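Same chain, two partners: chain A is paired with chain B first, then with chain C.
Let's turn to the complex of A and B:
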């Protein structure tokens, strides 16, 4: 089990170290304790350069945003002195903080609800020997690949129809943060199901039978054995859903009503009046939050090495 | 059938079908208290299914299972006084060795003081006291195997079911664990039902062996009975090396394909003219001139294999009719003393060592 190939290797993913070292290098590796291929052997010099360029391409925009969020000047190309003034302005802007809290709230509710539903669906798909398993599976994947603009518009239509229908009974149901959550849940369930299902399918059935054999009831086996083994996958999928809901734009755009907007929509409206350094600060904050959550998910996975397969999915 | 008290497990007419295949077909077994009972057969013979029926993971389609004299028809696995050592060990990866072993006792609400003592004693027995706080994946295959054994045994079940428990270990460790398992079984005195496809393992460890094939019980008896007096050609071929010489029953003997009639004891149920096999074990064969009272056949040596302790000869009596003979290397310790390929030889055996089996 310990020899499972590592799916994701931070840092070393781009340059593959040559496996075979020359005999001379091997003897030296005994003394230094490190295996290092001889210089100029099987390792083109331009590879590190290509790698560096790719990383610059990937991270330069993010670095620019972060850098200019600490700018004392209003300008987006001239850097004055380092300053936290845009952050200060940000936290004293009730509209932006309102949007931030709304987004966190939406993401939290979406995370909890879709994790529960997605996990239950995973159990159904893996365990129920039903003729509906396959169609359900396909429907779920369909939801995952359908264009978000289309589902967004569809949700808008459904919610307005539902609003009109419910109004006949005197119930007010308009677009609000609730409809945003409902919208986010629709695309989140599939992610949870795919991640949890992978872990569940890899789970040895005999482990649960062993629990029954040792006197645990069906509920006991679930509580004491199955769920503890699934936790890393469930929590990681929950964090992934949080991140996706937190920065979702399209679905939110179609399902938000009047009043407080989720943060990504807020940023979009701010841009209408020109890009201000305040936006840089908001962007930096969002990024820090997202990265922190992804790192938490990664930490969970590295602790539970068996769950590495799911990382392949996260990495895609 | 013996009285109900003396048997720990009794199967009566058990049938289990999966879709169109019959995994277990009309199986009757009675396993006594403290017995080391093996179920032996090739994969797919129904031995594991039988074990799962006893454990309660499968329900038989027909027939009944009795544990300690009581029918367990509607008893779920967690209420049966039976524990299993799984082929994959099925250890709880999220719990350490101690908690794995204590799992069963905790489910039974045994007082914590007693749990501490019994788990401690069990870890002593399986020699894992130092590993109590390790997680299963930090242990070697042999150690994991012993955790699985301890986790099941600590509950002192009426029957311990073992599903190829040594299958994943390498040969040397397996030999060592065979001895350990047998010792542990003698110490605790619990009935073991041991499923294996390794005939040598079954012969060395068991009090009794049930040989199964394609869902049917072929023979049930002591290792000696199974080896020396196989009930049919399948058992003879599956256990050890057998020479199966095909022929036709005559009065007081069997006519081989060579035309020679050899004397043999014919069971009452086999009529003259029936096609049969004469089964002789290779170590019962004697190479050399005919001795009075022995059955003797003539042949040519086609292969000589030096095995260290013994020499194995392949002798052809007629095209397609071959015998394997094994001779201990006492007089034949040097190569010039052994028979070379192509030499003519006569082979003899005592008539009682040739068993006549229906083909």
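Let's turn to the complex of A and C:
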């Protein structure tokens, strides 16, 4: 029993480090699997069935919402004729379009600020030798696992206390879209840091040292060697953060003031008011947007892995 | 050596941000939880520890128990349906493995509220399922009540967080050496014995990571219970929410938040203890 984890860890290290070796190992295991068909009990029959059912479970709700967004009828269980009337209606609804623009704005600011802070933090955590490294790391992870209700309530209280405090100096500070942005940045930093740090730690430091040996300045090596290798991870994390901010409900819920509300909050009020096919249309639009962005991020991430393989190859 | 100073400097913005907007807010929550309110309901600081007594008031015990039951139920359900899927993809996914994993996570990126609302569309009294039942002439009238039941809420929670169970288990299965299973078979283990003695212990880290990633947010969730549930599916998140937004008593909400945070921290400590070497893949 006690030996097993060690064997595993050794095995995983072999797979993790040289990325080139990994695909080779995978294909060989697949081919042997094909050559020697699994014995009867190798693959229990329920496995493919459960998997298929789970995929249906995961996709059915999304497809249903999309399908009914094109329904000419108000009904949620009778489909009339295909129509775009709910989309037309929402484009001409100034409250919804206002919320949409507010959400995009919030997500953009959140993306830029948290990507910068998160990337800096990743560099600091990987490269600095400091007694603050570990506490900062733990702080970041704690932030990542805290339920949003808890952080949301905490932000709500700190913002209203700060508002009362600043009022003494004649400064107006209340809940607004600004506080929403502050809240979103707070939960986003950790995601950027973890993604960028993963890449940074995997990066071969020798390549940067080689650049320095070849006469590059510190800044030059960073600009010409390190950052180009990190860009895909940074952009991918930025896109992820954009999507999470754009979709966020709970933190926004606690930090929004009166006035224009972010789109998820608008949807929440609409659901409270009653189910209308307009929600299906908004939901479908949001899904198309976020899933397109996520796929872009994923494409970048895969390209990044290829780039890393090339680099590992050069290093050898 | 000057470069170390530069790297240390880069820690500062993130650390300061988290101190100001993550740590300090908790100080305020603690302060509010011990305070009271003035005549217009604004928090006033003071020393009123009875706010914490109220958390364990018999009136609220059902809410706490229900929250725990929903979170545990959600985690177990995610495990029971997530493990086979992770296993199927890791072992038999072949070259489609990455694609299948992307497909698992993709629905999660649809808007959180829209996903919950989608279940309302499907299960509601005038929803898709009742419509279908009516169409085939089965039990359509009166409609079957799915929403406002604990099943709808737990089903919604499972839907919300299932990918977070599948991903770490998948990562653990992928890291595991398949020849270990072969060895189990060579030693004449039945598939069940092999699973129990080889695969399960080798992937327990992934399971624990998944349980944390599903369980923690499930405990704090309130929108799912709000939309798919009713008064009889009230969770601690709803109770906290009411204290701050629906004319409740903020100090009590703050006390609830602190108690929730302490319970979750205990779970986290347990997790960190059992996962001696948390790897990047599990996060």
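A few points about this structure:
Definition applied: the second predicted complex is superposed on the first by the 255 of 316 C-alpha atoms of A that agree within 3 Å, B and C clash if a C-alpha of one lies under 4 Å from a C-alpha of the other, contacts with A are read in each partner's own complex, and residues count from 1 in each chain.
Assume a residue touches a chain if its C-beta (ideal position, glycine included) is under 8 Å from a C-beta of that chain, and two chains touch if they have at least 3 such contacts.
Bear in mind that the values here come from a model prediction, so they are computed numbers and not experimental data.
The superposed arrangement places chain B and chain C next to each other on chain A without a clash. When the two structures are aligned on the shared chain, A:75 is found in touch with chain C, with no touch to chain B.
With both structures placed on the common chain, the touch criterion links A:145 to chain C but leaves chain B unconnected. Contacts of A:213 after superposition: chain B is touched, whereas chain C is not reached.
With both structures placed on the common chain, the touch criterion links A:274 to neither chain B nor chain C. The wider contact with chain A, measured as residues touched, comes from C rather than the other of chain B and chain C.
In the superposition on chain A, A:204 makes contact with chain B only, while chain C stays out of contact range. In the superposition on chain A, A:229 makes contact with chain B only, while chain C stays out of contact range.
In this overlay, which is a superposition and not a single complex, chain B and chain C have their closest Cα atoms 10 Å apart.
Looking at chain A, you'll find residues 1 touch chain B in one structure and chain C in the other.
Contact residues of chain B toward chain A in the complex are 55-57, 76-78, 82-84, 86-88, 90-94, 103-104, 107-108, 137, 151-152, 155. By the touch criterion given at the top, residues 1, 4, 7-9, 11-12, 15, 29-30, 39, 41-44, 46-48, 50-51, 53-55, 57-62, 64-65, 68, 75-78, 116-118, 120-121, 123-125, 127-130, 132-133, 136, 139-140, 142-151, 153-158, 160-161, 164, 182-183, 185-186, 189, 193-194, 198, 201, 218, 243, 247-250, 253-254, 264, 267-268, 271, 275, 279-280, 282-283, 286-287, 290-291, 294, 298 of chain A touch chain C in their complex.
By the touch criterion stated above, chain A contacts chain B in their complex at residues 1-2, 204, 206-207, 209-217, 220, 224-225, 228-229, 306. Across the complex, chain A is touched by residues 3-4, 7-15, 17-19, 21-26, 28-29, 32, 42-43, 81-82, 84-85, 87-89, 91-92, 94-95, 102-104, 106-107, 109-115, 117-122, 124, 126-128, 130-132, 134, 159, 162, 175-178, 180, 185, 190-191, 201-202, 212, 216-217, 219-223, 227, 237, 240-241, 244-245, 250, 253-254, 257, 260-261, 264, 268, 277, 279-280, 283 of chain C.
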